[in-house]
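Pasting the structures here.
Both complexes shown next keep chain A, but they swap its partner, so chain B is in the first and chain C is in the second.
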Partner chain A sequence: MTLWLTGVAVGVLCTLGFALLRVWHGPGRADRMMAAQLSGTAGVAALVLLAPMQDWAALDVALLLALFGALAAVGFVKATSSDGGGDPEEVDIGADTPDPTDRNADD
Partner chain B sequence: MIDLATYAFTGIGLVFFVAGTVGLLRFPDVFSRLHALTKADNLGLGFIALGVALQAETWRQVAMIAVIWALALLAAGTVSQLIARDALIKRDGR
Partner chain C sequence: MTLLLDAVLCVLLLGTALAAVLGRGVFRAIVFFIVYGLLLSVGWVRLEAVNVALAEAAIGAGLTGILLLTTYGKLTRVSAEAEPDDAGVNLPVALVSVAVAGALAWAWSVLPEPTRPRAELAEALPRAGVENPVTAVLLSFRAWDTLLESVVLLAALIGLWLLGRDEDWQQRLGVPQHARPGGIMTSFGRVLPPVGFLVGVYLVFIGADEPGGAFQGGTVLAAVGLVAALAGLIQPPRIGQWQWHAGLVLGPLVFLLAGVAGALSDSGFLGYPEAIAGTAILVIEAALAASIAVTLAFLVIGPPEKGHRE
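On to the complex of A and B.
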């Protein structure tokens, strides 16, 4: 049983490794953020798998990692427009962004 | 018997994980990758959680695993919406 769970955990971490290809190659910022989100999920899966083998306290760690994975994406969206969460209905996105090179500038 | 079920569920979970990652790498468009990422990986996490839950000794651990999976589902739902909105704005240049 332990060997099998270790094998599955290694498999999950291999998928995490492949996801880094998307981080490196990803044309857009959203692609890189997705790969970061995948690393969160894969980390949670690996921790859940380790729990029966090592110590069941790993479940609490997995819970926290799942939470931080979600908050990382919120941080990513907030970086683009500080007021709206990238809300399409927002009148003028990034209006309050002092950055003159903002994408809404009519160049 | 329970060990057999654990073997099966964690194996299926791994298959879905691999499918999600292959989808993340192979899909042409940002939005289709989001599908692969949030749906397949969470299903994989769900099966892995189910497999491990069978091994749990106390009910607290089973409840903790259920909470982890529920949070992962909620997080994936909202995260994919946020990322998709950001990508949409980037693409439409609005």
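On to the complex of A and C.
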């Protein structure tokens, strides 16, 4: 069972590597951030798989990574809004202000 | 198979570290830094250092990540180019970095081989009142270090507040936050904090016997406040509000009082009588967690800025 769980964890970490390629290439900021979120999901999955081997203590780490992944998403949306404290949903559709999280907005 | 797992983890860690340092573009470096913290916490779990993994997940990947993202946003707003456009290598900076890295590598190589303090720890741990050896070291055996560290955070916050403009001093902390009422951000700000609050309190409470503790729990509680503030659901306070001053100093104060109480009894400064050691550590941890939460949240929100609606 341990061998099986470890093997799956290796597979999950390999998929995380592919998410890193998207972080590298972008091209938009949202692409990079969403790829980081994806790697966060993979990290949580790997920790859950490793947890039974180490007295389940890794589950708490997985829980924290999930919570802080959500915080990072909020932080990203706020940081890329026009005044640093906005919300893309406030922008009227068709307004002149470009959506700061537009996937084509390259950094 | 575990060897393969560790090898893959090491490759990913080195890859993200190199990508963060060598890749062009500030934003890309920040995202790689966040992923690096995430992988590092998996690495600490593999090394069976779950306490460190929790701290890395909360501080390294979590709060530092959002701090860097906020800074990036501010840079792009202040000046048009947050991205340096010169293609060349900044030679002095590169040399200093190489020198620092070399010095660190040298210091690491001359460190004595670490020995696990099995016998001494096994003998002393039952008298500490807690079962988590890390908590026992932090709050009992080496409590003096932890007391000073809790004051360092406060000094950092005062340093940050000094960066605020004079005319904004009476304003609320941070840039004004707003979101569409009933939108995704607002609902997020209502759903996430209760869950996070539960996790934070759990981490502080469990820290006595299992991995966890004041720092990890306090960071989660800080994140809870931050999400609610970013979603515009709560207004950040002003510098002059005494309730928040009390929150900032509560942890170090309780810690210090406990130390003095120990000195007045026969346990010595920062020593606790064996009978109440467990309770004393839990009380200190709870107070420290509250202060760490307030301090870290204020550090991320930043100094007071104008433009807040009343």
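Observations, loosely collected:
Heads up, the rule we're going with is that the second predicted complex is superposed on the first by the 82 of 107 C-alpha atoms of A that agree within 3 Å, B and C clash if a C-alpha of one lies under 4 Å from a C-alpha of the other, contacts with A are read in each partner's own complex, and residues count from 1 in each chain.
Heads up, the rule we're going with is that a residue touches a chain if its C-beta (ideal position, glycine included) is under 8 Å from a C-beta of that chain, and two chains touch if they have at least 3 such contacts.
This one's a predicted model, so the numbers in the text were calculated from it and none came from an experiment.
After superposition onto chain A, partners chain B and chain C are found to sit side by side with no clash.
Judged by the touch definition given at the top, the superposed model places A:L67 against both chain B and chain C. After overlaying the two complexes on the shared chain, residue contacts for A:A30 are found with chain B alone; chain C is out of touch.
Of the two partner chains placed around the shared chain by superposition, chain B is the only one that A:T41 touches, whereas chain C remains out of contact.
Using the contact criterion defined above for the overlaid structures, shared-chain residue A:P52 touches chain B, although it does not reach chain C.
In the superposition on chain A, A:F76 makes contact with both chain B and chain C. When the shared chain is aligned, chain B comes close enough to touch A:T15, but chain C does not. Applying the stated contact rule after C-alpha superposition, one finds that A:T6 touches chain C and leaves chain B untouched. Superposing the two structures on chain A brings chain B to within 6 Å of chain C, judged by their nearest Cα atoms. Chain A residues 16, 29, 33, 35, 40, 60, 63, 67, 70, 74, 76-77, 80, 85-87 lie at the interface with chain B in one structure and with chain C in the other. Contact residues on chain B toward chain A in their complex (touch as defined above): 3, 6-7, 10-11, 13-14, 17-18, 20-22, 24-25, 30, 33-34, 37-38, 41-42, 44-45, 48-49, 52, 55-57, 61, 64-65, 67-68, 71-72, 74-76, 78-79, 82-90, 93-94. Against chain C, the residues of chain A that register as touching in their complex are 3, 6-7, 9-10, 13-14, 16-17, 20, 23-24, 26, 29, 32-33, 35-36, 39-40, 43, 46-47, 50, 54, 57-58, 60-61, 63-65, 67-68, 70-72, 74-87, 89-90, 107.
Within the complex, the chain A residues that touch chain B are 1, 4-5, 8, 11-12, 15-16, 18-19, 21-22, 28-31, 33-35, 37-38, 40-42, 44-45, 48-49, 51-52, 56, 59-60, 62-63, 66-67, 69-70, 73-74, 76-77, 80, 85-88, 93, 103-104.
Remark: chain C residues 1-2, 4-5, 8-9, 11-12, 15-16, 19, 23, 25-28, 31-32, 34-35, 38-39, 41-42, 45-46, 48, 50, 53-54, 57-58, 61-63, 65-66, 69-70, 72-74, 76-77, 82-83, 174-180, 183-185, 188, 192, 195-196, 199, 203, 206, 210-212, 216, 220, 223, 226-227, 230-232 touch chain A in the complex.
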